[in-house]
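Paired with chain B in one complex and with chain C in the other, chain A is shared by the two complexes that follow.
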Partner chain A sequence: MEAFFEWFRVLYDTTGINLPFLYDSYDRGRMLDGFLTTVQLSVICLFFSVIIGIIGAWLQGSAFTWTRRIVNGYIQLFRNTPPLVQLYFFYFAIGTLLPKVETDWGGQAPMLGSFAWAVISLSFFAGAFNVEIFRSGIEAVPKSTVEAAEALGFTRLQIYMDITLPLAFRVCLPALNNNLVNLVKTTTLAYAIAVPEMLYEANQIWSDNVNVTEMMIFLLIAYFVLVGILVWAMNSWERKLKIPGYG
Partner chain B sequence: MKFKSLIGAIAVSAVALASGSALAGAIEDIKAAGVLKVGVKADYKPYGYRDPSGSIVGIEPDLAKDVADKLGVKVEYVPVVSSNRMQFLEQGKIDLMIATMTDNEERRKVVNIVDPNYYSSGTNVLAPKKAELKEWTDLEGKPVCGIQGAFYNKKTGQEFGAEIVAFKGTAEAYAALKQGSCVAFVYDDSAIVAKTNDPEFSDFEMPLKTIDDAPWGLAVKLGEDDFKAFMSDMIKEWHKSGRILELETKWGVENTPFAKAMNEKYQ
Partner chain C sequence: MNWTPDQPMVSIKDVHKAFGDFEVLKGVSFDVMKGEVICIIGPSGSGKSTLIRCINALNDIQQGSILVEGQEVNDPNLDKLELRKKVGMVFQQYNLFPHKTALQNIMMAPIRVLKRDKKETEELARQLIRKVRLEGKEDSYPGELSGGQQQRVAIARSLAMKPDIMLFDEVTAALDPETVGEVLLTIKELAQDGMTCILVTHEMGFAREVADHIYFTDKGLIIEHGPPKTFFDKAKDPRTKEFLSQIL
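Let's look at the complex of A and B:
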């Protein structure tokens, strides 16, 4: 394995193509950590944003005016502000207001770190879009289907979980795919608050080695592959969920 | 009418750009343009920062002004940060870079660093007094703020085991340090000394021994050797006349050993 990595050092010496994240063990470690952080951040945010979307869309159909207003307010707030501004706002404005906790190095640090804030901010950001996406799916479910369920004595939650959502889900999957792909790409913004994800680590490496071109090409390919995997998984899921004669 | 003249202006300037860079040298280009674009820091007090009115001032902008005066052109300051300064120069967004850049071999491959070096500084940390840091190894396993693009991030992480938390600019790093997200901020000692004089940072100190005292290089684009020779004479002149020492005093920095030594060397 080491010989394989050493080959890239030779490649640099002979052709000038500098890929230190392969031949330098320290840079390799950072790049791998960055990749794993990106995957971790993406998966956690994907999960929470979908949950937020499902709950939000359900609350939007609530009988209480104020519940609907609060959900709409949340959507407007998060959909109409740039995600980078939200990240800065959470990390630097809200973060400093939180109670401080004792750290293991004897200092006082804010309760939530940059990774936690990135998860919160990006989940809510993508979640706001997901609420609207799920709503579009819910509205596509025929009223008569819901009425039939009501006639059979289903409660509101039962109708939502067993009738509306499964049908709505199939309708809104393409739009959901789009938003989730966007979410994975938006995780790169977390580098502004020093979350050590892939772009952040690549930036460190190109600063040390002045190999901007190589790192840019690598980043582009890495994200292409990462998002490609997500799209492939979502597409095959979409095919599995397909009901003959519906949607 | 307006649209047509705009197109005309673009065409003319495009032709001027194409012919200008192909035929004349860098100095002639700058003189023809009537303006010298210099990349300087805008967040690095007192070497280059924004005064309350928003204009960029400091030791390096003053040096840049000297160059423009010598060329007989106006000066335009372009704020740069560590992670983009060399790219700005490569892409021709600036003619000259005086941006607290440490001179090293890797960088000399990308930009034309002018000899002799005009300044020097080392690496140290700014830390709260109650953190009681004594040695560099005290940073092991602790989060340490830094600036994206600084060369000592890697060293601090690799040799002393610190977990580097690097931000885009100094303002974010100082904010993170103050809110306790990191135990220290690793940065150039020259800037830290200035920061410890800031009343807002009275609880902070520069507790460690400065390491890696390294010279700073100002740079021009690769290939512009006539401009490089011109800048080289300029730097020698600064050292000889004591201009650097004078600017240090003007901006409230104690005279550094490097500046004093260079002043003596060129007498």
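Let's look at the complex of A and C:
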């Protein structure tokens, strides 16, 4: 392994192509941290945004006018404003309003760090789109199928979880796929509030090494691969969910 | 709820139902005793389907009373679950859950709604699959079954809840003539087992064969009723006569 890394030092010495995140153990550590932070941020936001989508779509079908209004207001607010502005809003506006907590060495620290705010902000951002995506799937489920479940004594929640949602999922997966891909790419915005994700760490490295071109190419490839894995997983899930003789 | 089996299982009194300004049911009354098979016939739009959908509260009514084993359906505080445990329903379009196999379709409600044991329910479901003659189709998805097979799964699914009354809403209307027979046979056996059945149907031959009592509805009212023999052979009302002459 060491020989492999050393080869890149030789590459730099002979051609000038500088990839310090491979041959330099310190930069390697930074890059790996950045990569893992991006993966972590993506997975957590994917999870919460889908949960928000499921709950939001359920509340949209509520019998209470105000519940529906609040959900729709949330969607409008988060869909019609830039995610970067939302991120700043959460981190700088809401974040400073929260009480400070004492750190181990007696100092003061914000209650929620930048990573937590990125999770909250990006989950709500992608969640707003997910609500609408799930709604489109739910509306595609025939009313008669729901009625059959009602006649069997299912409650509204049981119908949603056992029948409507599984069927809606299959309908809206391509759209959900798109939004989740966008979400992974949007995690780069967390750079703006100093979450040490991949773009942030890459910036650190190119600032130290002045190898902007190499880092840019690397970033493109890294995100391409990362999103590629997500798309592959979603597609195989879509195939797995396919019902024989349906749709 | 002091219902006893000697009282009508379903007692419908002066039921009125309107969709907006359009009055679909204009005061319908009849009783169904335990073990009876009732067929409701009549032209399209006469309110037949609406009527039986009111019995398990899929449609609400504006006026009148529907008692199912003594439980009032026209009640804002109606315990729908309690009602629907007693009343099974089969639809024209089968309405199976497309993402579940035949067996799962049958098992779902007892497990989720009645919280029955999974193993026990599976045994019951396999028994019901045999009853509707679909051995070997347990693991097929609805999309892989013919209309007649789907409808028989739908009947089995409803029976798995062990209802006291079964409602059949034009259950053969979407089927091709060849498969109608297999579904009717299943219903006939059910009727012979003593299940209380209320059917909306266009199958006159079938109605004549299995029904204890026929109701003819037109424009939201019951025009004429009677046991099949008198009803089909000695209809009195001109509208009934006209309908029967067109259909027979």
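In this text, the second predicted complex is superposed on the first by the 247 of 247 C-alpha atoms of A that agree within 3 Å, B and C clash if a C-alpha of one lies under 4 Å from a C-alpha of the other, contacts with A are read in each partner's own complex, and residues count from 1 in each chain.
Note that a residue touches a chain if its C-beta (ideal position, glycine included) is under 8 Å from a C-beta of that chain, and two chains touch if they have at least 3 such contacts.
Because the structure is predicted, anything quoted here is derived from the model rather than measured.
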Chain B and chain C placed together on chain A: clash or fit? fit
Reported in degrees to the nearest 10, the CA-centre angle with chain A in the middle and chain B, chain C at the ends is 160
Task = Classify the contacts of A:144 with the two partner chains as first (chain B alone), second (chain C alone), both, or neither.
result = second
| said: Quick check for you: in the superposed arrangement, does A:153 touch first (chain B), second (chain C), both or neither? | reply: second
Margin query: According to the stated criteria, A:166 is in contact with first (chain B), second (chain C), both, or neither; which is it?
Written below: second
**Prompt:** Of the two partner chains, chain B (first) and chain C (second), which one does A:245 touch, if any: first, second, both, or neither?
**Reply:** second
Item to check | Contacts of A:114 with chain B and chain C, given as first, second, both or neither | outcome: first
* Asked: When the two structures are overlaid on chain A, which partner does A:203 contact: first (chain B), second (chain C), both, or neither?
  -> first
Rounded to whole Å, the nearest C-alpha atoms of chain B and chain C in the superposition sit apart by 49
Chain A positions within both the chain B interface and the chain C interface are none
Listed in rising order, the residues of chain B that touch chain A in the complex are 82-83, 86-87, 106-107, 109-110, 128, 130-131, 141-143, 145, 148-151, 153-154, 157-158, 164-168, 172, 175-176, 179-181, 183
In the complex, chain A touches chain C at residues 142, 144-145, 147-155, 158, 162-163, 166-167, 170, 243-246
The chain C residues in contact with chain A across the complex are 56, 58, 80-81, 84-85, 87-89, 91, 93, 95-99, 108-109, 112-114, 140-145, 154, 157-158, 161
Within their complex, chain A touches chain B through residues 26, 92, 95-96, 100, 103, 105-110, 113-114, 192-194, 196, 200, 203-204, 207-210, 212
